């Protein structure tokens, strides 16, 4: 349903994306990972046209997003985005952060938008925080509101840009839990993350991005058991040192499944 | 001047005849304001409650009174304060006093900000070496604070040079006054001459605030000083 | 009775005898202040938006205007605008064309308070020039405060709004501006509270504001120092009150938790 073909993007002299192609099917969860500066965030921004590609094509449900004269605002309404630093609207309460898109873009009446926003906040377990302002919430809570905000538009696909990397370790779990729930409910997602436990649990395919190209792709199983390229092995090893062994994780979750 | 003067010659006429006094007013106003402002800032930061109150009160009062009113007070209200100076020169000193007193109020604010933005760890480290509070201030905090203050100080310079134009009101022959004289007989030139004098001021403000404001800020950031 | 009073108090009472003139001058000052701050705000908001989001050419033009106004004395701006029609007429007449009529019009009214008749000029051509100058000048300063606040809101907010499908204009209108206008209040207070001070320049083109009335009083009773000090105190009180009110507004509108 979402297809990106030979995507190129540069900022000045810096070539960030060098011919990236992949496809995301309905209800599929793609995890993109790779070292910092590899172009992951840029890729997401190019997909929802916040920063269009220099060259290449992006198709959403057989519609070419790079076609001239296309209504970008309407496209973005169909592609949700969750940001690394949440980017909640600081002047709006949690509930209004979620409903503003419904009111301004979908033009829903006030009451309807509110009801829908409440439902979304409920889904991310933030129902009791509806009247709090972003600055009054913890990072994990803010990110859950951010997810609710993206969900509220009922987008075709949601892009997650390192949603947990700005969070304190003890707050990561609550956000990942919400993301797991959403993934299992059949939402199409593209997730940039280094949370290998999450990838292992829901990713249908993982892409390793380095220096603007997809170096290796495959199932989580493939990456954790027998990655091909030296670069991937090295990177996963570094993640191990930072986050604890993914082999451990894999073993544990395999054991759980076999029970 | 029998024939109508052209704009370039007006430009140079104002520059030659008006600039000296404009610069004199600005320099002395800034200088007086510098010492006054620095003292007031030190009083506010290190002076304890009473001196802090005096200093901030002074700032509030001087910032709340129009400069023109201050100039009139010192030139016409109390002409006797400069009894020792030739009466013809008294307005000049009245304006300088007004500029200095007022600039002092503003400069105290910017120096206070600069002193406070020097990392408290600097003072602590200096005291740990055995320096007295005064020594630590004089050799460690002040040199950093003065550098941090340069961007806002260049702004204050622009404010004072612009405000020196008020001196025209009491007959001092600075740039604005010269501009009036040069075009007095030619209604055709009234507005263009004001444009010319505005450009002259702009030449003396914009490049300087630009260089000292932006470049200095960047330079300070490189040194790891100043948060913004 | 006055003979018994010490000199300063007697002087003060002599000046305050002219309270009706002081009041009329005060009203004129307030009129100029109110008009300039409001017009300056909307013009400044426009300039700030153009400078920040206007694209290469328009933002350069806005920047040029802002920097030129901020780099030149208010007095030069005032005289430029005041003289402009005269200079244009000189050109038009030289070419045998019909000159712009420079209206010497004014709307006046008599206000009667406590048996004093105050002749108050509501508006005239001089005030128009003064008001225009102050508004055009204040706009440049206000624009910079507003732009600073817009920048401090951060691009993340704009991106997030656009990622929801809001247009750029709607994102600015509903997400960036509501935050920027709250954030701008402390810095903007500087301009709003101190603008009354700058209105005194209109004295030079013959508007009889508070400062102009001081001259009138001095010319009548020669209490120079006392008169100017009283005028200074009135400005001080006015500015103090305005900044206190704005402080209060700032506290009321701040975003909880921020």
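Per-chain residue numbering starts at 1, and chain names A, B and C are given in the order in which the chains are listed.
Following the convention adopted for this analysis, contacts are C-beta pairs under 8 Å (C-beta built on N, C-alpha and C of every residue); 3 or more make two chains touch, one makes a residue touch a chain.
None of these values were measured; they are calculated from a predicted model.
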item: Category of the chain touch graph - line, ring, star, complete, other; value: line
item: Pair exhibiting more inter-chain C-beta contacts, B-C or A-C; value: B-C
item: Longest centre-to-centre distance from subunit B, chain (CA-based); value: A
item: Distance from subunit B to subunit A - Cα centre to Cα centre, in angstrom; value: 54
item: Rounded Å distance between subunit B and subunit C, as computed from the means of their C-alpha atoms; value: 22
item: Separation of mean Cα positions, subunit C and subunit A [Å, integer]; value: 50
item: Multi-chain contact sites of subunit C, meaning residues that touch two or more partners; value: none
item: Residues of subunit B engaged with two or more neighbouring chains; value: none
item: Partner subunit C, residues of subunit B touching it in the complex; value: 60-61, 63-70, 72-73, 76-78, 158, 162-163, 165-166, 168-169, 176, 179, 186-192, 194-195, 197-199, 201-202, 205-206, 209
item: Contacting residues of subunit A [partner subunit C, same complex]; value: 48, 50, 73-81, 83, 85, 87-91, 100-101, 104-105, 132-137, 146, 149-150, 153
item: Residues of subunit C touching subunit A in the complex; value: 153, 156-157, 159-167, 170, 174-175, 178-179, 182, 255-258
item: For the subunit C and subunit B complex, residues of the former touching the latter; value: 67-68, 70-77, 79-80, 83-84, 86-91, 94, 194, 196-198, 200-201, 203-204, 211, 214, 218, 224-225, 228-229, 231-232, 235-236, 239-240
